[in-house]
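Structure first, then comments.
Read from first to last, the chains carry the letters A, B, C and D; within each, the first residue is number 1.
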Amino acid sequence: MMASIARTAALPLLLLLAALVPFSNNDFYVALGVSLLMYATLATAWGVFAGPTKYISLATAAFFGVGAYTVGLFYEKIPMLLLYPLAAIIGAVLAAFVGLTTLRIQGMYFTIFTFGLAELIRQFMTWYQRNVSGSVGVYILTDISARQIYWSLLVLLALTLLGSWLLSRSRWGLALLMIGEDELAARHSGVRTTAVKVIALAVTSAVIAVVGAIVAPRWTYLDPNIAFNPTLSFMRAVIALLGGMQRFWGPLAGAIPLVILFDQLNARYPTSYTLILGLLFMVIVFVLPDGILGLLPKLQRLRAPAAPAVTPAPGAGTLSEPVTPAAPARQASPGVDGTSGVVTTAPATGTTLLAVRDLRKTFGGIVAVDGLSFEIREGEVFGIIGPNGSGKTTVLNLISGVYEPDRGEIVFLGRPITGKPPEEIARLGIARTFQLVRIYPALTCLDHVIPAALFGGHARTLMEARDHAVHILEELGMGAFLHVPAGQLNFIDQKRLELARALALRPKLLLLDEWLAGLNPSEMVIGMELIESLRGRGMTIVLIEHLMQAVRRLCDRCIVMSFGQKIAEGVPEDVLRDPEVVRVYLGEADDA
Amino acid sequence: MASLLDALVTGLVYGGVYALLALGLTLQYGVARILNLAYGDFLIAAAVFATLLYQHYQLSPLVSLVLVAPISFLVHLLVYHLVFVQLERRSGSWRAMEASSILLAFGLSFVVSGAMLAIFGGKLFSYSYLLVPVHILGSVVPANRLLAFVLALVFGGIAYLLLVRTRIGTAIRAIAVDPDGAPLAGIDVRRWAGITFAFGGIICAAGGVLISMFQTFNVPMGVSFTLKALVVVIMGGVGNAVGALVAGLILGVTESFVARYVSPGLTLAAVYGLFVLAVLTMRTGILGRALR
Amino acid sequence: MLEIRELTVHYGLHEALHEVSIAVAPGEIVVVLGANGAGKSTLLKATMGMVRPTRGHVTLDGLDLTSLIRRRLTHQIVEQGLVLVPERGGTFTDLTVQENLTLGAFPRRARAREAELRAFALELFPRLKERLHQRVGTMSGGEQRMVAVARALLSAPRFLLLDEPTLGLAPVLAKQLLRVLPQIAAEGIGILLVEQNAQLSLSVAQRGAVLSNGHLVHAASAAELRDDPAVRAAYLGSE
Amino acid sequence: MRVSRRHFLVTAAAFGASALLAACGGGEATPTPAPQATPTTAPAGQQPAASPTQGAAPAASPTVVSTQPTKTLRFGCAVSLSGPLAAGADVTIVASYKLWQRDVNEAGGFQLSDGRYMIDIIWADDQSNPEECIRQTQRLITQEKVDFLIPPYSTGINHAVAPIYHQNGYPQAAVATWVTAEDAQRFPYFFSFLGNPDVYAVDGIVGLLKYLNEQGKIGKRIAMPYVDAEFALDFVKPLRPALKDAGFDVVYDQGYPQDVSDLQSVVTEIMRLEPDAVVGITYPNDTMLYVPPMKVLGFNPPVLFLANGPNYYFFYGTYGDDAEGVMGLGGIDVRNQQIVDLYKRFAEFNGQEADRWGGHVYYMVGQVIQQAFERVGKVDRKAIGEEIKNGTFDTVMGPVKLTNNVFLGHWLIGQWQRQPDGKLEYVAIMPRDRAAAEPLVPKPNWKS
């Protein structure tokens, strides 16, 4: 507790101390401070977006340059104080535009792309300015002093840090983290990823533009090479990375020592500076692969309480003590708990919940799903089985919005949902799990479930979502793991966690993609009982399975697919006796 | 019509430099899985080498080309084993080291350019060689540029044939697909990835020597060569030798056409515009990711 | 004879494998059962030198592989005739079936028998014959698994290690795949199989072992294991 | 751990690529543009001319490094040792002042009123970045407490540090920048020894073309390609109307980007237009890109002027005899033995030949500084600034005196011409009254 108070107080104290620097009456310290603050602010703003999402943008220079040029072009016509918001707006608008066009590209491609984009903007600006004004350089002659710039940057840094801190505790922060860990899973939790990313990028770019606007008067003269200097994009990335990008303190921890180090190296060895820097850099990579803050793993994330030591989870099947499935989940009787998010309508009313008509999807010539139609009734467990590659998972992806069908229609609750994005479909009440578990090893169980509760559109506040998430996890027998990072769970519990995340959306329809696969027989018993208990509460479930015992036990009806087409439909016992099904799928007598 | 053909031919020939630049990097990045950010700096080192030999000993750069190829091969092999393999040893797997390897390559870039900077400072290097007109299809281009173009085709062809037609080439492609799984097929990843990296180094050095024949350069320009190469590599598809060739030539033609028919001021804007467009529409590059 | 003796593996402080000893004779199929996280994959990886064991020895027909393992020289272990098909992997997805098979014969000792082994593999998996020029990444999960096993066969293994080959496969394919194993064993190749599907795998194996929390807690003939009530409860399901 | 590493990869990749950007964005060396507006940068309430240093010690005595007879004057220079501007800074500022330092020290240093002072120069790298230069300059002033500063390279960076020089009372005797009347008013001791672009454009370029046209050596068709950089645009602005006023017909008037990698398309187009003179307003990098396509296409205009580039010796080094007849800015008077000796010393000392436009200018500025110091007799920077502003100095270029903080007595245009020893030299051909030779027009044909 003390430590946490100390940490909370440390930052304002640091900032306060920093504010006193200009009174030292040493211009060099002010100059050093300006560099420091500039890089710290840029790195922090960059880290807010890049840290959680892992989208590494090299377009910093473009936004910075835009901010600087805003001042350069308008400082004689518009009061300085208005220029900062103006720069912010221009930066944000540009970033939003960039975001909308580019954020679907990921990884290295995004990075190189943003670089190309920044270069494109620079080239185009140069050409345009030359044609319009006949020159490319601008003089900025104001009476803003270095101290004023210092203080402005300090305020901006404080605001940026505050924003970053608030963000990390808000639903937006959670959403960004999820996007970085697994964008698709985030969408299936109802996160409007595009909007979140674009807004986050716009806001951080606005900060960068304001940094440009603040610093520009200091340079007196601007030309595209100065304003759009790519070193800037690179420097702040280095600083954030060396500091430890995913941590709140990372950018600061990077900026302070590095700027001072660069300065000292430069002062001492101006001609061999680059060489020494390179060697030093290689050593740092070998010695500190996780950044400066990697030295302090305990500071990892301010937000999350320290994870308890790994306790072997109950339910791990050991021979000596054969597992009895954890009880609480199954014993919670339907509808007893009014606050429970789980839908509690009566089972199998027979009305159609989801209808799929004449669905077709091809991938570059390969027909994955062809002319598929079926209906799912409310309250039933519906199985989709078939050989590998017969198109089962594609069907699930079509229903949940990952793919758009080439032809056909999907109707949910009487409304067509064909072509809607995953996050919209999730919000409408269709939740899913994934064939290969998609969890975020570094996040706690609670962090997995809260966003789904939030973004599914059911919880209004973080507290409400938290309560809901705790409730669901407890229901599934995971109350002991609320703060355990998911990576430390054993397999069955990871599966349960995925289920909890799906349930937090309060779905009307639950899609389980080989949810039981990879479980050993005793774990499977737990799993099947869990599914049964959900059905007991009236949840409608679509099940893709290879395990015939599960299909027999759980499914009310099922279809069998082969090469994208439906070859049988009916209750499991009948379907599994169908000679065609035996031939293409089961092979001989089913003894599995 | 004649001027259209002329724009095409000169564009293609001048695009040969882009292609040559990108070929070595695409092998190093796509196949050996090392995003060698020191690429441009090694290229400059080779260019400086050729320039000094030419200026002080009147040694033909064509001879330098033959000299510098094995040297560059050895240097790259050494760098690979002394730097990147050590990192892999510590990280435990090739996939895990990829991140750190980029940081390391970045440091290496500083070391290489820093060492040259300490010796030569920022001074410009320039000489002129093989500045002889060659007539092709009614267009005239300098022989040195044509040589770069031909060399790009030759190296691209060799890389393609080696990678696609030989067992070792197939093994190298397997390393590109799954470096951690390749040992299970009995492939010595360190050895073959190292050799591929060093082969990329030969192309890099050849590019440096050729560029020195017609372009003024200095040590700090290394990074811009790395970047240009990277743009072409991404456009052509990472690890795709033929893609790099095609993308390089397309960029050359684009520059030539924009300069002639739109405005010379927009040539680079057009190049980056094309790049941005290509990445947006074809996320895996012109010819796709795979090494075919 | 493949002999694994007292193999111990640590991931950080966590002990993933504790003094596990298993031997496989030529032509024999041995199955290792165990829950997720019991250390089954770790056992195979450590044997191949893909993770560095803390203690233990591996010998192959009397030849001590331990120093190769400790230096993580997997490719040289393959060269000695020990070949692993990893879980959900073992193929190069961007390459064609043909190219994958060619790579199978990359080890020098396998080249002499390449044609013979290729014919044998294609005989076992006739489906691959029609798809030699298809990219493996575009094939179904079952076919990919066939390619992986075929590729491993082309490496001329003396001992074959299989990590959950039936994971995620339709019943018909799982059966097909496992029933191929005795044919492979008949060629004198010893097989160490790690499986989740106890019933099916015990039906093709001669001997079995059970791993739990990194400890080898049971080792017996396949028939005995099938009848063991504890094993039945934990791994065979209650039906 | 596993995942964080995987993501780290992306991060690292990105970061790495960004690293590349470090140097690439900059473009070329920028020796110049002219300022326009004028509010003062000094904080309100502070007298423009009064500087903290001066206020405290108007006659601060020079730093005495040791009690031995040799005393030292510490000069500071934050300049682009790396980054895109390094190419220009290296051969001019760095090389020239190192030579100057050696010459001065060998001759016994500065003779001030209390004895002789050796010169020490403390170098710092601004990485071609104005922010870095501001900080390094401030470090030189407050931490190193240098006695005098040598200004940086390029217009942008010189203007970025001008307020710092001014506030701390250091005169800024710059070369690689223009200084306008407004600049001179705001920063009384901000000097440019390079001249000003109007003079080069109107008296130099247009003057030469008129001279040649009057002699009937060329017609009126002019092609004017230029590089999209402020330096070039500063020339183009006065040049365009001046050419028109003089009756010339500008048949080609197009810009191209700074980091262009070939100009064959541009040259092809210009060749088609058959101009009498090609007047390229260029930087060194693109200057080098004109000769290959011209040679290959067999295009040999009567006048080939390429602004900033032919003045570098490597132009001759690269193209050899093909350089004959190519014109550019600057030029030297080969009849002036002092200058010829200087260039010889420069080559011996630095292992490379000096720039034929700025080489002697930087050295001349060094001489001006020495004489100003010696006349004042102590480190009184205000007095030294005053002396540089108003005094007349005896230098390798003859008597030097500033007009409105700018030195205008330059040779404006040079041309590579064959000398009696058979080698080519870049001789001054403009202005006519101080020229060392007649222009060689039409330009000789490309060799081979």
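Everything below uses one rule, namely that a residue touches a chain if its C-beta (ideal position, glycine included) is under 8 Å from a C-beta of that chain, and two chains touch if they have at least 3 such contacts.
The model shown is predicted, which means the values in this text are computed figures rather than measured ones.
Set against the Cα centre of subunit A, the chain with the most distant centre is D. Contact count check for A-B and B-D (C-beta pairs in contact): higher for B-D. Spacing of subunit A relative to subunit C, judged by their CA centroids, is 37 angstrom.
For this pair, subunit B with subunit C, the centres built from the Cα atoms lie 41 Å apart. Under the contact definition stated at the top, the residues of subunit D that touch 2 or more other chains are 2, 8, 10-13, 15, 17, 19-24, 81-84, 228, 255, 257. Shown for subunit C are the residues that touch two or more other chains, of which there are none. Across the assembly, subunit A contributes residues 108, 112, 115, 119, 123, 126-127, 130, 241, 271, 273-274 that each touch 2 or more other chains.
Here the touching chains pair up as A-B, A-C, A-D, B-C, B-D. If you check the complex, the residues on subunit A that touch subunit B are 101-102, 105, 108-109, 112-113, 115-117, 119-120, 123-124, 126-127, 130-131, 241, 271-282, 284-286, 289.
Within the complex formed with subunit D, the residues of subunit A that make contact are 26-32, 34-35, 38, 50, 54, 56-58, 61, 76, 106-108, 110-112, 115, 119, 122-123, 126-127, 130, 134-137, 139, 141-143, 145, 180-181, 215, 218-223, 225-226, 228-231, 233-235, 237-238, 241, 245-246, 263, 266-267, 270-271, 273-274, 290, 440-442, 487.
Taken in their complex, subunit C has these residues touching subunit B: 48, 50-51, 74-76, 78-79, 83-86, 89-90, 92-95, 99, 102-107, 110, 135, 151-152, 155. Across the complex, subunit C meets subunit A through its residues 14, 34-37, 138-143, 167-176, 196-200, 210, 212-213, 217-218, 230-231, 233-239.
Every residue of subunit B that touches subunit A in the complex is listed here, in rising order: 35, 83, 86-87, 90, 100, 103-104, 106-115, 117-118, 121, 227, 230-231, 234, 238, 263, 265-266, 268-269, 272-273, 275-276, 279-280, 283.
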